[in-house]
Amino acid sequence: MIDRFNIAADILNLEESIRQKLQRPEKQIVVNFSITLDNGTTQNFEGYRVIHNTALGPSKGGIRYDNAVNLDEVKALAAWMTWKSAVTGIPFGGAKGGIICDPKNHSKTELEKITRAYTKALADIFGPEKDVPAPDMGTGPDEMGWLMDEFSLVHGKTIHAVVTGKHLHSGGSLGRVEATGRGVSIISLLALEKLKIRPARATAAIQGFGNVGLHSALFLYQKGIKIVAVSDVSEAFYNPEGLNIPELILYYNLNNKS
Amino acid sequence: MIDRFNIAADILNLEESIRQKLQRPEKQIVVNFSITLDNGTTQNFEGYRVIHNTALGPSKGGIRYDNAVNLDEVKALAAWMTWKSAVTGIPFGGAKGGIICDPKNHSKTELEKITRAYTKALADIFGPEKDVPAPDMGTGPDEMGWLMDEFSLVHGKTIHAVVTGKHLHSGGSLGRVEATGRGVSIISLLALEKLKIRPARATAAIQGFGNVGLHSALFLYQKGIKIVAVSDVSEAFYNPEGLNIPELILYYNLNNKS
Amino acid sequence: MIDRFNIAADILNLEESIRQKLQRPEKQIVVNFSITLDNGTTQNFEGYRVIHNTALGPSKGGIRYDNAVNLDEVKALAAWMTWKSAVTGIPFGGAKGGIICDPKNHSKTELEKITRAYTKALADIFGPEKDVPAPDMGTGPDEMGWLMDEFSLVHGKTIHAVVTGKHLHSGGSLGRVEATGRGVSIISLLALEKLKIRPARATAAIQGFGNVGLHSALFLYQKGIKIVAVSDVSEAFYNPEGLNIPELILYYNLNNKS
Amino acid sequence: MIDRFNIAADILNLEESIRQKLQRPEKQIVVNFSITLDNGTTQNFEGYRVIHNTALGPSKGGIRYDNAVNLDEVKALAAWMTWKSAVTGIPFGGAKGGIICDPKNHSKTELEKITRAYTKALADIFGPEKDVPAPDMGTGPDEMGWLMDEFSLVHGKTIHAVVTGKHLHSGGSLGRVEATGRGVSIISLLALEKLKIRPARATAAIQGFGNVGLHSALFLYQKGIKIVAVSDVSEAFYNPEGLNIPELILYYNLNNKS
Amino acid sequence: MIDRFNIAADILNLEESIRQKLQRPEKQIVVNFSITLDNGTTQNFEGYRVIHNTALGPSKGGIRYDNAVNLDEVKALAAWMTWKSAVTGIPFGGAKGGIICDPKNHSKTELEKITRAYTKALADIFGPEKDVPAPDMGTGPDEMGWLMDEFSLVHGKTIHAVVTGKHLHSGGSLGRVEATGRGVSIISLLALEKLKIRPARATAAIQGFGNVGLHSALFLYQKGIKIVAVSDVSEAFYNPEGLNIPELILYYNLNNKS
Amino acid sequence: MIDRFNIAADILNLEESIRQKLQRPEKQIVVNFSITLDNGTTQNFEGYRVIHNTALGPSKGGIRYDNAVNLDEVKALAAWMTWKSAVTGIPFGGAKGGIICDPKNHSKTELEKITRAYTKALADIFGPEKDVPAPDMGTGPDEMGWLMDEFSLVHGKTIHAVVTGKHLHSGGSLGRVEATGRGVSIISLLALEKLKIRPARATAAIQGFGNVGLHSALFLYQKGIKIVAVSDVSEAFYNPEGLNIPELILYYNLNNKS
């Protein structure tokens, strides 16, 4: 992150004090909390929230649940969120968060307790006009709903706007699930246009077939781009004549993979 | 800190999950901010606030300004504050904070700007019923006054109770300056009593002659204890017949040392 | 309410604890307050607000002024509001309120005092993100305006969103007055469609000719449905050839009935 | 309550509207909430809080846990608290609360969950300057500590002043446990003085030997009054020569009765 | 005020920018509001609140009701309050307020309405930690009680600390009524001491026999000072042998004058 | 303002008490504050905010920086804002503010300090639901951005809605810059229509060529109206055949005039 930032800063001829300000997050918070597991024992967890910059508005950024989460990674991702909001002209700053845990090893009940304890610890930090979380690796609409509910309980009223990426019935937005994949396909098509390559003559290989990869593949396929390869953490498909993406999605769904 | 904690935990036969909870601070906050120096340039600073535990009440603990401040040190000191409040039966928890800076290299104007920027960044964390700072190494009534004033500005009203150790005219307490030294002398005399040593037959050597050392020396001297040695970072005094502490304090004051 | 709920619960195979939760309101508040009447004497009033469920969002529901209002009625109506919001997919919960009084026996001044005293007593309960009142039997835009004004006074700022059903100049919505009647006509036409009855061959009889009945009649009439009968608390009109609804509305307006 | 109030009101010649105001509580709140029991099932509970009058200041009054609690009883008790504060010149009003449950049939974990759920439901009602709970039948320092902790969690800071009757280490007051019994003994001695009966010639019979009865007995015994009879829900002691109260307390403690 | 300030500023050698800051009030607020008089008509009133300085803490100062009140007078009085707090070492700033009205021409009901309307208009300005009113010319415990009650209503909780000078049963302080007169007598006796005049040989003439003059006379009389003259707006008493102050007070009370 | 108001009030047959209410502003605030100038000296400033009426909603109105600003002017302008909102049916009231200063004599740094100090002094008055400033003479998007940033700092979250007229990247609205000029041109064309004058046969002379005059000229020019004269504070252009407005704008821009 810092390397790329410095290249951009050199091009912009940024003065030293502004570089330093942009290289360091405004605020980093580390919280420790414990929950009672389903087996009755108590486990401690460490969670992070890094607010990189709020010059343009409330900070915005996902929360990831992963055993490999660490403060340095979260700091870098928070900075990327600042650039992302700024270059797209959205009046938001950048943030990111995470909890060291393997969501696959926890029941729904335990994940709810983890999310609620993390939210309570950060109830002064989050807020519609302060810092707005979103789903990221290992989190989704359920986690966002628990976060929103706990935040609402602490503040004594329903505060839908404290998270994005929640379920529709909790006030989530239509189209949120496929939004990132849709974005990938739009920007790919724009890139083709700039490179003067006709979609019908382009091919694509897609690494990862979760929420983002799947929808990217589908949208590109629908635009007539030949998807020759798709892979995820456990298997890969290759067909130089182009894969049938709708069938592949069906296969994934039937095998409960995505 | 952890070693001593474990010895105590073994004696108390504490269960593992409580040990883990007490070994880790509830919340650690790292803030970055910048000020305009007197020479017109901008300088960035990193500050910390660690809230170790609030089970017994709002957290309490000093803020130090020092070039060697780091997060690990602040974490350890915050834990000591938890034990200190708990064993003395005060309904407060433990916290500590710090800013990486050398207060001797900054003008009063710069120190005020540093203190105000740090306070603004932590305005959601501090509070009379949440977390109450105090002076520590490199800080005193001036810094506490600036902190209180900035906190009051942010909250739109005068909040005297957000810090202890402020000036008398800002609502500080009489006796606060000499309190720590007085405590050292009281506990020393109680130790003598327990050891069945009469004060008149005891001698003392005092390392450090700042606010704490000076008042400890004075109170012990007034109780008839022979102070045979006193030292600070630059010089040492030794007299097996006992030093004249009031004269020594006068000498320090005249030479602007303490 | 409970009987119908149990039928639905049986169909959904709801577990016992959820049934109990849904059968009982989350919160019931009874307030007593007094106002000075126009004749200088003091009269006491009892008012209710029942919040049935807020799982989906802030609770929503009308306030009725009627001599026959009682807590049990308000509890049942609040539950209906929960089902109404839920089945239409609106992120709101259900509530209802009422005051025991006969609005026809009170001057505008007295009704304003009653509304303001009731609002002040419930100022901690209402709120755009907590519980949003609306007009019901015996209340209308005037009462909603007084409620909004008193709520705004108590909170020191203009809070338009605390009620729906207010006057346009206070930020009310266009189309609110005829909305319920419009809904009745839409759902009637959908029912006809489902029953494969052409509107031109349908007839309708409408019981009640206040705000809801009047607009239902008008919208159905405009769609070509023959309205053969209309009645209210004091009179009834019947014409097997179909009534001229616009003329009937004119008659009602001229006689100051609706 | 109403009968005695009317007698007093007649003596004071109170006008009708003020009688009505004082006969009816300002606010009654009924809440329903559920907890997960130790056996994994969910149980619903109904709780009450009645604020009788706040003309003189924040309302004050205990919370009882008992299977026989009902809204009418709580209303009457809340009114008694108003008179109690008023006649003793304390700037507080009167309130009372309760939960329908048998504390003897619930584990500490369940009682904590019940207390926290009740507190969360009433978080807008309680407050150091609004309504201050205290222990009553079936509740004690543990319940007050849980209430204070949950209230503090909801408000994001430690709020010791929201309850009285908490543990010393949570900021409770010395002498709170024996205070009610001490009050009974003081007023009894004053009554003797007024009746011109010397304590040494007085005898006492005490019904109930819980916290209040036990300390009343002890304080009167220490003043030389002969306690001839003591009884509680399961047994009674009688000795016309006077019971040895310290021994009786020891017996109760050993048998884990009080 | 400005003249005397400049003399003091010259002695202190104050720099120009600080002089300017201290000569001008931080904030002046003028509010217009109307009430319904007892005769049913509406009357408009203009009220003032001037906060001169809050450097040392929340501002403090009385509110006067008088036909001759004007913004310039209130500004000058607010500044005097700043000096008063500062020289006596109280951590408060200075303020003053007033309403243009003749309290003798208004019923209690009208005065209550005036006080409540003024308070509502200034609900954002007053506060225990912001600006604390007190009685002044034309106001007393009743006005302070109404102000406190209205302020409490607006904030939804009892806030005793927003005013001083309220009735004892509303949480007022013992000794407040006679406090100013007591202060006059104490400072007079200290002046005599400094001038080496024995009280027994001193005489006093007192202009004004309201709350302040009456108690000054009484306290000086009790210390053996001969009060030779007393006057108020309508009459004067002179006796070179000394007036009998207790009798004079009795006379005033009987004639309903003070 | 008062004269024209009285004419309208006579036409509306307004009763006296309502006239008085509408003639006088609800609240006038005068603040004094000081900043450190670029040359190191301290300068004091006086600022105003007048809230004329909030019956229809939060008050709305610009802030002007000008040496000739005075309280009477601000009061009159605030009243015009009330009428403006009311006659256009917007649920807002009227306000206006100003600071006595010549913005041309201050650097950007000083203007920022002035704006922030003024905002801090009025932080209790402004607010999205209370009082919403906008640019006026001598202020623009920069001042609104500083005001919004300072208000956000004081409240600990980003509050975009506290001002209108801010930069696009701070959440400002597209079209805001040219909005007033566009309004002038729309209303002029409507006037022509009413007078039955075809635009092609109309001529216009425009006094002032700042933001409003320039855009009015441009929009009218684009509609085919012949602009025969344009003037500003330093020069005037006249051409009976019609001026080329786009070229004139270019000339102004090149000479850095508008």
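So that you can tell them apart, the chains are marked A, B, C, D, E and F in the order they are listed, and the count of residues begins at 1 in each.
The criterion applied here is as follows: a contact is a pair of C-beta atoms (placed from the backbone, for glycine too) under 8 Å apart; a residue touches a chain by one contact, two chains touch by 3 or more.
In this text the structure is predicted, and so the values were computed from the model without any measurement.
Visitor: Can you give me the shortest step count from chain A to chain D, moving only between touching chains?
Guide: 1
Visitor: Taking B-F as the reference interface, which entry in A-D, B-D or A-F shares over half of its contact pairs by residue number?
Guide: A-D
Visitor: If you average the CA coordinates per chain, which chain's centre is most distant from that of chain D?
Guide: So the farthest one, by centre of C-alpha atoms, is F.
Visitor: What is the distance, in whole Å, between the centres of chain D and chain F, each centre taken as the mean of its C-alpha atoms?
Guide: That gives a centre separation of 62 Å.
Visitor: In angstrom, rounded to a whole number, how far apart do the mean CA points of chain C and chain F lie?
Guide: 43
Visitor: What is the distance, in whole Å, between the centres of chain A and chain B, each centre taken as the mean of its C-alpha atoms?
Guide: 42
Visitor: Two or more other chains touching the same residue: where does that happen in chain A?
Guide: In chain A, 124, 156 touch at least two other chains.
Visitor: How do the chains pair up in terms of touching? List each pair.
Guide: Inter-chain contacts occur between A-B, A-C, A-D, A-F, B-D, B-E, B-F, C-D, C-E, C-F, D-E, E-F.
Visitor: Hey, which residues of chain B end up touching chain F in the complex?
Guide: Chain B residues touching chain F: 120, 123-124, 153-154, 156.
Visitor: Any idea which chain E residues touch chain F in the complex?
Guide: 17, 20-21, 24-34, 41-44, 46, 121, 124-125
Visitor: Looking at the complex, which residues from chain E come into contact with chain B?
Guide: Within the complex, chain E touches chain B at residues 54, 56-58, 89, 91, 127, 129-130.
Visitor: Could you list, by residue number, the parts of chain C that touch chain F in their complex?
Guide: Interface residues on the chain C side: 156-160, 169-171.
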